[in-house]
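Dropping the structures in below, format is structure tokens.
In the two assemblies presented below, subunit A is common to both, partnered first by subunit B and then by subunit C.
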Partner chain A sequence: MRSAMRSAGHDEPLLSVRDLHAHFDTGDGIVQAVDGVSFDIHRGDVFSVVGESGSGKSVTAMSILQLIPTLKVDSGEILWKGENLLDKDEREMGAIRGFEIAMIFQDPLTALNPVHTVGRQVGEVARIHQGLSRKESMKRAVEMLDLVGIPEPHKRAEQYPHEFSGGMRQRAMIAMAVVCDPDLLIADEPTTALDVTVQAQVLEALVAIKDEIDSAIMLITHDLGVVAGLSDKVMVMYAGRQAELGTVDEVFYESRHPYTLGLIGSIPRLDNDNDEPLIPIPGSPPSLINRPSGCPFHPRCAFREVPGRCDTEVPELRSTDRENHLAACHFSETLVDIGLEDLRERLDESGVVAADTELIEVPEA
Partner chain B sequence: MTVPIGSDPQSPNTEGRMEQVGISDVPELTASRPMRKDVWRRFRQNRLALAGLVFIVFILLVAVFADFIAPYGFTERPGGEAGAFRAPPSSDFWFGTDTIGRDLFSRIVYGARVSLKIGLAATSIALVIGLFFGAIAGFFGGLTETLIMRVTDVFLAIPYIVLAVAVAAVFGRSENAIILVLGLTGWLGVARIVRSSFLSLKQLEYVEAATALGFSRSRIMFRHILPNALQPIIVYGTIAIGTTILSEAALSFLGVGPQDPTPAWGLMVAQGKGDLANAAHLVFFPGAAVGLTVLSFVLVGDGLRDALDPRLK
Partner chain C sequence: MSEPLLEARNLVKRFPIRGGLLARTIDSFAAVDGVSLSVDRGQTLGLVGESGCGKSTTGRMLLNLLRPSEGEVIFDGRDISKLSRRELIKVRQRIQIVFQDPFASLNPRMTVGAAIAEPLRLHTDMSKDDIGRRIASLLHQVGLSPEHANRYPHEFSGGQRQRVGIARALSLEPEVLVLDEPVSALDVSIQAGVVNLLEEIQDRMGLAYVFIAHDLSVVRHISDHVAVMYLGKIIETGTRDEIYNAPSHPYTQALLSAVPLADPRKERARTRIVLEGDVPSPIDPPSGCRFRTRCWKATEKCAVDPPALIDRGQGHPSACHYAEVQQVL
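So, the complex of A and B:
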């Protein structure tokens, strides 16, 4: 039945988030963690979400599965195969979690239960969602461990998480997530806790499995290299809002948002042979309790016009020269053909310094 | 349900991926060493705990095989109406005879059954109730937690001796009444320990991961969190068996426990206390039985604590 649904429509998005607003009620005030986010994920996509810590990437992902009890959704829709997940109760969500949408966590060292064998943990997902017996689920677990590239899966299934290396544990986590052939895999910084040499292997395994079970991946990361190598689409987030959305080529090579340019300028590149220094983004992300007026990025922006629209008017996410390449900047048109050299010059001229942003309260968390 | 391709280990796809596995990613396969082996190794090094364990096993065997070990029944008066009362220990009566001529050794042997039964049953009741409420309080938090913890506060405010007297007045003096009293007062400590374990364990990422995989709350509570919270409970439970036996002896001594002729150790001490000057064995032997048994459980509990969590030492 599911395979029929799969072939039904590649045009119809699997997941469609529409104008999502969500906040945390903290002692210090309301933290608007997600502020009007919209995006679609289609079957087969690798959809990446990038941004600094606290930009709302993880919260957006977690809100899909409603995994944060303290997060209050104010408005918007999370349409999963056409049905709004926000209307579902805890029991209905339980049937979707792990079965249709599965999540891969950041730290495989803590996300596996130390008292159960790996095989049991992988198999348990199949027991719950597919009603397999203990024996069948063990067999299935061994198959899945094999699928994610764990050698000697029979032996490994009998072992406990502490007997696995970091990379192997992350593979086991992936196995747990894909046991039931989910349609969407949400991977929240899946390689952050791993050795660089292992990162690529795990990501390759992840993408290969996505193709094998014909699903989609929502990849949350701050590693732009990973994004460039694996993704189809990229969403750049800043202060709970979308800064830019488009294909990898569009966002990386034809950035229409100063923040994206800043992110790209901040990472070291091996193909840069001019010994040029990095271009850091001055300051730190704003407090989500006490946001800057207008564009949330304007205190750190090299291309700002202050006073002007930047500090008075919140920029809408709108199409650039291409319809599906969206950016939330008043001056996105002027950023055509802007390179990192221009960014460096503009930063020097504009006089944006880290001190500017310190006027704005930064949350302690 | 579709089975994904590659479930066949021979499929080329899987083999292809196996080759990508780098050297750094394949740790040497070491023989898996179960945790209980480690625990036993550390426990063995603690001589006192080991001695306690030996004594517990001994008392258990005595209780199980009491019928074969005891030379007389626990109500039997070997000398008849004119038999030896308060006779000192001898080759006929190893521990002497009591105030009405019963063999004290036989009574103490049968008394092991009473004490262990009460200790184990009351502790089990306390563990079950304490685990349940402690787990719920720790996991759900909020109003549920407040309610449960206030109820335990109320229970803590009632002295168990007063409760025992009340229960004895209503249900009569029996072993079951004692089990009920000790079980219903013993769960408070368990609930507090379980709650605090759950409070910290529920924050861990594997609990979040279990939620994300669609596991039900009760499954997460009892299958995923509880096994991780067991260490302090095992230790507490072991020591609790000892202290429960002690409480039972105290209640029996006060006369709200089982009635004569039940061979309860505490009761025997109470019956012999008037003859302490001329027949000290009447108090000494049952008293020693209580003391050694309780001490053994406490020693084993301490040993388990060190063995289960070597960092504490």
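So, the complex of A and C:
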């Protein structure tokens, strides 16, 4: 039925976020956690959001479901099937959360209630949203546990979270998220806490279930390997802003933002044994309270023009040599045909401080 | 061939299992069960495995931070696991450890300079001025600036704290550094800088590293030799290229195959070995080969006969009755 709906719905995105700005008001000042972010997610897509700690990737996702009470949205729209979620009241949002948009968190042990059985918790969503009885919802929970590849689901449903291993708990979380056949699954670092062999199992289960229920996945992660393997589209975030947005191949093979190139240069590769030193990004991410002028990445950038546009003018996210491949860099054109070795040379020549010597600004007591 | 700088022979570490009303020891289990390894001057041994495999416990036994239940650790011709406290203090100057979370190992009330000075004050008779100069030079070596000596740990970012941890470990000019997940808490762009720093220091000072990590990519980048652990045992060991280009143990193959590559085209073309189930509890490990419960090659022989870590013709030691080289990358 859903596939029919999809063909009828053409290219309408499921979720369309338009120029979203959001902040936290902390004792130390305003933290502009999301600063003008726009993107679309279509049914069937795996849309990945990559960035380092503090880049705003999780906050962007959380703002969709309005899960952080202290996060204040300043402006922008979050269009879900054409309706702005920011206009919805708490009751209306309650009907969307878990039912149409579901979330999978990094740490299943804190997200699961230790005093209820796993089956009861997985089934609870169906009880609340679909009005199933306790017995029916338990039956549904067992089906879901089976679907995510938990062996002996009948027995497992009667057990408590502490009786599950880490990988099994994360599967239970996925089961809980998909009970109501949501249209969008938001997975925030779903495998970061897991060992690599278990990660492979969980990711496989996640993608299989996406196809099974014909939904979309918004995957938030810092792991470029996970992104490369699963994604259709990738959004790279830095300091609360989008650095780059494109298909997975565009972002990995034709990076048009120096930060993306920097991330790729930083990671050691499992599949080659060249002994060249890694190419770290100089310095450290900026404070979101006191962000750099102009492009937030310019203090660490090998391609910057300073003084010049980079430290005065905030670059807009705009089309590169391809219309749908977007980058927020004044000089994204100059990155055409720039490879990692060029980046290494540029960094050596550019005089960008190689060492990470700037201390965290500590507010005066 | 000369003696290795540091060598562990058949290390076993048993931990007690307590139970009952008085929390009496009712049983014990081996977190590390017969591990042998060695590392030479100027070389890096990567020790990899998933959580609970015993890699950190092994690392701690190398410095005698944990006393082995059995086996010996030979450093400079002596078994340091049997040394008296006084003798051990001398040896500890020459083998140092860097932990994953430098914030947890730095005293928040002590300036970074004081933290680095502590080993110098305790182990040497350097004057205050000399210590000051040494701190400045150490901070410079790890890419920080000498003025940072007067600052407190909370003023440093994660990557900088790890640099402080490294400076402190280097203060007594050790010969061996045990690095226990030194970069796994750091963001990738920061991690790369610390990895490069470790390599530079090794080149300059000829240190031996035991690099303990779960991240197989970092281990490939930094190591000369690699040992793969599973449930308290080394299941395969060899040069870096042998392990990564010619893995012969099914677990090593599955582990390498499970790591996603940051290369979309390669990822799409790849077939992955996905293991069933989880790592069994070390309290009650499977009989015979410990990996057999997740292994697609397992036979009846595997349940009764624990495979020895030997070369069965594949060119390097592998603890599998059916060891066979298979490229997975």
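Just so we're on the same page, the second predicted complex is superposed on the first by the 346 of 365 C-alpha atoms of A that agree within 3 Å, B and C clash if a C-alpha of one lies under 4 Å from a C-alpha of the other, contacts with A are read in each partner's own complex, and residues count from 1 in each chain.
Here, contacts are C-beta pairs under 8 Å (C-beta built on N, C-alpha and C of every residue); 3 or more make two chains touch, one makes a residue touch a chain.
None of these values were measured; they are calculated from a predicted model.
Enquirer: Have a look at where A:Glu212 lands relative to subunit B and subunit C in the superposition and call it first, second, both or neither.
Expert: A:Glu212: touches subunit B, not subunit C.
Enquirer: Which of the two partners, first being subunit B and second being subunit C, lies in contact with A:His42: first, second, both, or neither?
Expert: Neither partner.
Enquirer: State whether A:Arg309 touches subunit B only (first), subunit C only (second), both chains, or neither.
Expert: neither
Enquirer: Of the partners subunit B and subunit C, which touch A:Arg346 in the superposed model: first, second, both, neither?
Expert: So A:Arg346 meets neither subunit B nor subunit C here.
Enquirer: After lining up the shared chain so the two structures overlap, which partner does A:Asp195 touch, if you call subunit B first and subunit C second: first, second, both or neither?
Expert: both
Enquirer: Which partner does A:Pro280 contact after superposing on A: first (subunit B), second (subunit C), both, neither?
Expert: Once the two structures are laid over each other on A, A:Pro280 reaches subunit C alone.
Enquirer: First (subunit B), second (subunit C), both or neither: which does A:Met168 touch?
Expert: A:Met168: touches subunit B and subunit C.
Enquirer: Looking at the overlay, does A:Glu143 come into contact with subunit B only (first), subunit C only (second), both, or neither?
Expert: first
Enquirer: First (subunit B), second (subunit C), both or neither: which does A:Leu263 touch?
Expert: A:Leu263: touches subunit C, not subunit B.
Enquirer: Of the residues on subunit A, which ones does subunit B touch that subunit C also touches?
Expert: Dual-contact residues (subunit A): 165, 167-168, 195, 197-198, 201, 204.
Enquirer: Subunit A touches which residues of subunit B in the complex?
Expert: Residues of subunit B touching subunit A: 1-2, 4-7, 9, 13-14, 17-18, 20-22, 24-27, 29-30, 32, 204-206, 208-216, 219, 224, 227-228.
Enquirer: Which residues of subunit C touch subunit A in their complex?
Expert: 50-51, 143-145, 148, 151, 154-157, 159-160, 163, 187-193, 195-196, 199, 214, 216-218, 220-222, 240-241, 244-245, 254-268, 272, 274-275, 278-279, 329
Enquirer: Can you check the complex and tell me which residues of subunit A touch subunit C?
Expert: Residues of subunit A touching subunit C: 52-53, 165-168, 195-201, 203-204, 222-229, 231, 248-249, 252-253, 262-271, 273, 277-282, 284-285, 354-357, 359-360, 362.
Enquirer: Which of the residues in subunit A end up touching subunit B in this complex?
Expert: 2-3, 65, 67, 93-99, 102-103, 105-107, 110-116, 124-125, 128-130, 143, 146-147, 149, 151-153, 155, 158-160, 163-165, 167-168, 173, 176-178, 180-181, 195, 197-198, 201, 204-205, 208-209, 212-213
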